[in-house]
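In the two complexes below, subunit A is the common chain; its partner is subunit B in one and subunit C in the other.
Right, the complex of A and B next:
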């Protein structure tokens, strides 16, 4: 029995989770929400996290009805992510570890998502599509590592969605992606957008520039271009249609590379994790693809898909059970921490 | 016509059939219901045309690829040459590693294969054909007693291919291959190195530019920040 507390703060969410031997005891979270048209910046995000984190730790212990002495290990997100918010979690984790005299473990954020997804859905050895604001990866387990078969070669899918939401001034509450999803439901006209798949990799930056142009035809993007005397052009397409077409195109790309990985690895299970993974249209498209090849889809809802402390607690508990130890001087954070860097010593297959 | 389904690949179903009396492989890109119908039609047509074009370009350049016997855009079917005795390079590598305990002998055998693969990819790029999906699942090893090492190396699945003279696309092609090798054959890290060495001898006059571009594409991948 391992009882673990996990702290996650790699992006604009700060979350604490407590898990005891696979049983969820607490999962509390707060999100830093910026005004429409603005993204979250490292410094302000860290400030938000600093103000919220201690109350969240107390709330999680209360929800779990536990005392600090009941815990076995303190886990925190070591990376990847933005350094200032990551540091908030790391500093509190180090402090709690010394204060309560509990071992400390740094956890890879991506591994947290994968392990939490496996725990909640019961998927054994799936192809994992990890889609979030900063990551787009197709991952499969082999020989003690989660190996990356495909990924974006430029920006992440969530980043593409967030940036588009900013251009059309959508609210960031509860999240830009959610609001795009709602608008897309009212879209009717399908607009052709660039579709870029390179093997098992995808690219979104060209698509983003293209749709920006459609959404704001009058904005001068090229400074050398002289302003014309032409009358202001009205955007040709509605926001609803743009959201709809954007989702249809990028999700089709994601489903396609997942299918390629399934064929290449001869697997018939898919697990979707990460913040974009709670998009119901993406889940629906993936489910249809799986049915067409007698496969099975595993997906989770926003409690576990979106960044949370629980996934860090769970992945940390798995590492702890397998005997992983981290010396205190290694308790730093790292902005770049690839999924395949972690030795998966808790899996025997 | 009776058709036996062989397998379902990433892009479509493969059947064994015949065309004008010649036995052949039929690749059917069935309608993918998850995508918007307009997008699906566009992608299917594009990929089928790409496959036909690349096949004839490869054959014209003396590069082994399945001959396309017939294509039918309306039923999304391609009729092509079938290599019944072939296996994928992926299986060949995995079997070689499993069958031989002596690390050096494995390396030796894989080096022979890598030289062949490197040469064929180099020739392809020298002719400005970009494959678009280079993985060891898309390279066939076909037994042929008359050939060097007693097998032919054949490239398949040209659905993502196109014609481009630029170094960027060749660099990305190499990057896709490197990544596929690292994830699929992670214990044999030398494979890509071997392939690249022979590639350089065959890829034509733009060798330096392409390799510089490849390094740049690689660095792009590594520098990318991963937030959230």
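Right, the complex of A and C next:
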């Protein structure tokens, strides 16, 4: 039996979770929400996390009805992510580890998502599509590593969605992606957008520039270009149609590379994790592909898809059970931390 | 060009107990200064006082290093204040 407390703060969510032997005891979270048209910046996000984190630790202990002495290990997100918000979680984790005299473990954020998805859905050895604001990867397990089969070569899929939401001034509450999903339901006309799959990899930045041009035809992007005398052009397409077309195009790209990974690994399970993974249209498209191949789709809801402390606690507990130890001096944070750097010593298959 | 003098600053931060000072010392010693910051930071302990020395060629680098150090220090102090007694004396002093 391992009881673990996990602290996650790699992006604009700060979350604390407590798990005891695979049983969820607490999962609390706060999100830093910026005004429409604005993204979250590292410094301001860190400030938000500093102001929220201690109350969340208290709330999680209360929800779990535990004393600090009941815990076996403290876990925190070591990376990848933005350094200033990551550091907030790390400082509190280190301090609690020394105060309560509990071992400390740094967890890879991507591994946290994968292990949480496997725990909640019961998927055994799935192809993992990890899609969020900062990451886009197709992952398969082989020989003690989660190996990256394909990924984005520029921006993450969630970043593409977030930035498009900023262009058309959608609210960031509860999340930009959710609001795009709602608008897309009213879209009627499909607008052809660049579809960029390169082997197992995908690219979204060209697509984003293209759709930006469609959404704001009058914005002067090139400063050297002389303003034309033409009358102001009205945007040709509605926001609903743009959202709908954007989702259909980028999700089709993701389904394509996931299907190729399934064929390559001869796997018939797909697990979607990460913040974009709670998009129901993506789940629907992936489900159709899986059914055509006699496969099965596993997905979770926003409690476990979107960044949370619980996934860090769970992945940390798995590492702890397998005997992983981390010297205190190594409790730093790192903005770059690849999924395949972690030795998966808790899986024997 | 004449050799530039080094800008220095020393912080002396007292804690309630030497134990708490040691915790802060260990927590705050982990992070290295960013390489491009050109600031040297050394932490040491004198009983219940945490001593932090900064030195840099440029004053502006010194300022950023100290202010980001303070952000971490304040968070660490708040954590100690809030959870410091909870581990050893269950239910006592918890908010």
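In the analysis below, the second predicted complex is superposed on the first by the 349 of 349 C-alpha atoms of A that agree within 3 Å, B and C clash if a C-alpha of one lies under 4 Å from a C-alpha of the other, contacts with A are read in each partner's own complex, and residues count from 1 in each chain.
The rule is simple: contacts are C-beta pairs under 8 Å (C-beta built on N, C-alpha and C of every residue); 3 or more make two chains touch, one makes a residue touch a chain.
Just so you know, these numbers come straight off a predicted model, no measurement behind them.
Counted by residues of subunit A touched, the larger count belongs to B, out of subunit B and subunit C. Looking at the shared chain after the overlay, A:143 reaches subunit B, while subunit C stays out of its contact range.
When the shared chain is aligned, no partner comes close enough to touch A:124: not subunit B, not subunit C. Looking at the shared chain after the overlay, A:91 reaches subunit C, while subunit B stays out of its contact range. Judged by the touch definition given at the top, the superposed model places A:332 against subunit C, while subunit B stays out of reach. In the superposition on chain A, A:99 contacts subunit C only, with no contact to subunit B. After overlaying the two complexes on the shared chain, residue contacts for A:268 are found with neither subunit B nor subunit C. For subunit A in complex with subunit C, the residues that touch the partner chain are 46, 50, 53-54, 57-58, 67-69, 87-88, 90-92, 94-96, 98-101, 328-329, 331-333. Residues of subunit A touching subunit B in their complex: 10-12, 80-82, 132-135, 140, 142-143, 145, 147-156, 158-159, 190, 192, 195, 197-201, 248-249, 252, 255-256, 259-260, 262-264, 275, 284-286, 288-289, 292-293, 307, 335-337, 340. Taken together, the subunit C residues at the contact with subunit A in this complex read 23-24, 26-27, 29-32, 71-72, 74-76, 78-80, 82-84, 86-87, 90-91, 94-95. Of all residues in subunit B, only 8-10, 30, 32-36, 38-39, 42-43, 90, 132-135, 137, 160, 172, 175-177, 179-180, 182-184, 186-187, 217, 220-221, 224-228 touch subunit A in the complex they form.
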